[in-house]
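Look at the two complexes coming up: chain A is in both, with chain B in one and chain C in the other.
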Partner chain A sequence: MATTVMNPEDGERTASRSIIHRLLEHLPPPASIGPAVALAVTCAFFATQSPRFLDGRNFSLILQQVLEVGVIGIGQTLVILTSGIDLACGLVMAFGSIVMTKFAVNLGLNSYLAIACGLLVCAGFGYLNGALVTFVKLPPFIVTLGTLNIAYALTQIYSKSQTVSGLTNTLLYFGNTFRIGRTDVTYGTVLMLVLYLMTWLVLRDTAVGRHIYAIGNNPEATRLMGIPTQGLLRRVYTLAGLFYGIAGLLLVARTGVGDPQAGQTDNLDSITAVVLGGTSLFGGRGSLLGTLVGALIVGVIRNGLTLMGVSSVYQILITGILVILAVMTDQLSRRNKG
Partner chain B sequence: MPVVEAHRTPVMEAHGIVKRYGRVTALDGTDFELLPGEVLAVIGDNGAGKSTLIKILSGAVAPDAGEILLDGRPVHFKSPLDARREGIETVYQDLAVAPAMTIAENLFLGRELHRTNWFSSFFGILDKRRMLEEAKSHLRGLQIGVRSMRQAVETLSGGQRQGVAVARSAAFARHVIIMDEPTAALGVKEGTMVLELIRRIRDRGLPVILISHNMPHVFEVADRIHIERLGKRVAVVNPKAISMSDTVAVMTGAKRRDELPSEVLC
Partner chain C sequence: MNKSGIGLVALLLVTGLAVRANEKPIIGLITKTDSNPFFVKMKQGAEQAANKDGATLMSAAGKFDGDNATQVTAIENMETAGAKTILITPSDTKAIVPAIEKARKSGVMVIALDTPTDPRNATDALFATNNFTAGELIGEYAKKAMGDKPVKIATLDLAPGITVGVLRHNGFLQGFGIKEGDPHIVCSQDTRGDQAKGQTAMENCLQKDPDINLVYTINEPAAFGAYQALKAAGKEKNVMVVSIDGGCPGVKAVQEGEIAATSQQYPLKMAAMGVNAGVQFAKDGKKASGYVDTGVNLITDKPESGVPSKSTKFGLAECWGG
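After this line comes the complex of A and B, so read on.
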């Protein structure tokens, strides 16, 4: 029996024997380094191909181009960490941006109030998703496939498929820029980075954050530990909806209009960003900052190929290959762990 | 091996517990008694009512009639959380851990420690260092050897994972640990390791209720055996005095309590 129970002193001696091992424990796991390396390699490649790539203004442009997918990606990551998925995100964002712009322009509502209404509608959609997943116990894929269509239809009905223009300055605020050196940076970019940082810290350093990971790992064990998993899931979907609303506000500010045709590919684009960022589609493992890196990888490839004068079809081809590689890596690492 | 004395006040007792599911009577006035510092095995054939009894003791199910006493004081559990607040912890057979999370995170899941300065407590920042240190001392106390508390639980063997689950319960249990088939999902060697853990917990003075189908395991580790049959406690026997076949005979109804010699009963 003494042989089956490992002696703790033995374990310690092994640990102290290899200092390298100890150092490795404090570094982030390889899964979270992979995406960053991929991004660095991609950037290095395009830097050799185009003199215009390594330029502050070009990076600012890339950041602006990933703005909506980036902010949607925060919500998508939260949902995927709980082992759910949200297909409705982009169209919820579009509906939110139509509500904001039409309330402000057509109803003449105070702009702040109009924005609040748009955010509220998006959070409401999120809550609806969460309620259907937890109360009715429907799979998230089906629920959000349904709300995707509902959000799209409501957008078309309410906007009569017309673009909303003539927006107020308040609605356009996040499109304004300030200068760092010779580079113009939009406030929207700053907001996205702040949202990433805040949410990342919550996921990493608070009990609620760890519980989100725990639900994705083993929902039954999490419930048995006295954590109200169903309520937490509803909060996660609702918060995700709020992020889609914020993405809608950034979209409005960037394009200057309320566009009823927006957001139709953002669900798959955000899932791509999440997967490229090393988060597992099976839930419970991954990092939020990875999603930002994943979104940037897609943005950099698109931007770099455009600078090289290569057709945008190749960008889609490369993204497809990268997604499969990322999921393969995840699967293989899980298989090795048994 | 502690000597079980009849006059000691039970840590936990239940009298006349009845539980019906529709027209099926799962428990028909069963009694239960757990003495301080003992390992009490609860055995019974399928449908004998032992899992219902355990669910009632751990707060997962409320009884229709009967009373539960903890240290002689009546208690009413509406949920497993109520039982846990009274210092009763349950270890489940299906390794209830979060595989991708670290040992320390699993140990404190749902009971995280927070930093206490005003900024951290406002934002609910976790005290990871303290959780790592306390996890380390809990696992060391039970002599569960693992490389680091930062290791993901999925990198451990099945026995070590169950070790983490047992350590979690032992860390928070003040009164009783209930173990529901803790060795069922494990190999022979790993099962033996968990039995060793049960003994260590008992030797610290924490009583353990062990539910198991595995007779050799029951006989190896139990101080007394509670035999449940047809919703009633038919006998409590001493594993040092009774044979395994007689125990199984009582459990299946092939032998009655009064057919047993009096020295095997306790």
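After this line comes the complex of A and C, so read on.
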């Protein structure tokens, strides 16, 4: 245990700090505990309703089921933190997945190269969004509404609306599993968790991460501080595009096909996950890990209600109610702060 | 007017009449979307029939399933452009009715393809698959094929209230000989006809009851998703999957044993019949009427007695969607 002297510059009195206090400082702030509590409560509820819920295999399944929205959610969170929004995400993912599967299967390209092309195409769409937002100064909502349609049309034209099957092993790699105890876990699940962790650390502990929050909070002040906001915004949108491409690869590995009809509900689903996770749609605040929790809440509800034999339509009802509650909580805590 | 003047006028009149008579009838085709291979095939069929019968085809499509506004606009534009017959697969079976009625009042013949409007007689005629029969066929097949085995059924449906999904689901139950709420149905989840959502629904159903041995699916993408989930759980050999649509990927899946049987429907036939009716109407003013069942065939390579079916060879020759 360390005893430290007072630091007159900070004006803070730093007395001897216990390990517990140091530990608590590294945890997320109380506001983002809410979603985690909600997830825990939901899981506890379903555990009482069905003996098949609390099962390693079941949890592994739920994680696989939220891969698509989960990874797209990383990109969506980054964009929303800057006070933007990305409606094109799912359709960009679908286009990328068609590019990578068709290049590998129809053009016979090396699988790694094909995957790289798919990722590049998605990042390209992301850059396009960013460029339109920063150079032409269009609102993100409108820009991504436009690119959503462009991505969808290009997907249908290039794929002729046909599913691509007969995929190579490399494309299917992330669907392979390994054992933990008695449970099979896919590599895709691991990748998603790793991506979340990495992105969370960057957002929290690096200057770039702080700048992203700053842009969302007050773009003008951030710019006046000398931070190149426009370039950073473009990079955020491009990076988001890359995440959509990764989501496409994971989806391809999970379903075993390149599906031109995939991703059509992902924009609203990823925004739902972001909101349920406690991130503000107005930008500037929120936790990336919250998005994962939000996606899991939806996945757990879908899984739990199916185990209970409840009709699908109630999953939608409950999700809607939760979204309202989550936004209300965000609004109330905003009022309390300022 | 002198004699040559009258002659000129007469010549112009006759030429004008001849041109009118040779004018190709304009037929409009409005599908739900442009991306579903079912509608792609329908449009191809309509184009072929139009070329053969000497008609001009105009086409339009909604942007997504449920996009009523685009279809309304298309009806109005096609009518203005001179289409005397409009073929439509209505995205919203109720909301499209006022636009159809307006067109019919101006003398346009409107025929519904694949999906009836609500009410059905809002259109002059309906050329469609009987979706209930399509469900019944696979229900009867499944009942015979399962025999005396104790059966646990999962239904992978479309979405609340959509006619096609409801008819197929109820047809399946009728064909199998059970009613809604029967204890043999252990799981029912919606898929929106999407492959990834079908996979998720099957995974969750299997988690609920690992002994499911019969799966009804609303369409073949949902069936592919179900098969993927069954394979991951190591159950694909012991579980029977039945489906509806008869697209080429689906029939191939029957050939490969992934789907046990599928009810095949014929979008090309619907479109061709529609174009023929339009040409007939332009010729002699006789409107098509009533409901014409464009037929459905059970496709399987393991036929059951008492349930008429055709082989995958037939299915592949007649299928749609590449």
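Miscellaneous remarks
In this section, the second predicted complex is superposed on the first by the 309 of 338 C-alpha atoms of A that agree within 3 Å, B and C clash if a C-alpha of one lies under 4 Å from a C-alpha of the other, contacts with A are read in each partner's own complex, and residues count from 1 in each chain.
We take it that a contact is a pair of C-beta atoms (placed from the backbone, for glycine too) under 8 Å apart; a residue touches a chain by one contact, two chains touch by 3 or more.
Small disclaimer: the values here were computed from a predicted structure and weren't measured.
In the superposed pair of complexes, A:Y213 makes contact with chain B only, with no contact to chain C.
Look at A:G56: by the touch rule set out above, it reaches neither chain B nor chain C. In the superposed model, A:G166 lies in contact with neither chain B nor chain C. Touch criterion met: A:M225 reaches chain B, while chain C stays clear of it.
Using the contact criterion defined above for the overlaid structures, shared-chain residue A:P139 touches neither chain B nor chain C, since it reaches no partner. In the superposition on chain A, contact of A:G284 is made with chain B only, not with chain C. By the touch criterion defined above, A:G320 lies against neither chain B nor chain C after alignment on the C-alpha atoms of chain A. Judged by the touch definition given at the top, the superposed model places A:N303 against chain C, while chain B stays out of reach. Residues 34-37, 40, 63-64, 157, 160, 186-190, 192, 194-196, 199-201, 203-205, 207-208, 221, 224-225, 228, 249, 321-322 of chain C touch chain A in their complex. Chain contact summary for the complex, chain B toward chain A: residues 80-81, 84, 90, 92, 96-101, 105, 109-112, 114, 123-126, 128, 139-140, 143-148, 150, 152, 154-155, 159, 189-190, 192-193, 196-197.
Within the complex, the chain A residues that touch chain B are 1, 4-8, 10-11, 14-15, 25, 205-208, 210-211, 213-214, 217-218, 220-222, 224-227, 284-285, 337-338. Across the complex, chain C is touched by residues 50, 52, 55, 57-58, 61, 64-65, 68, 149, 156, 160-163, 165, 251, 254-257, 259-262, 264-265, 302-303, 306-307, 309, 311-313 of chain A.
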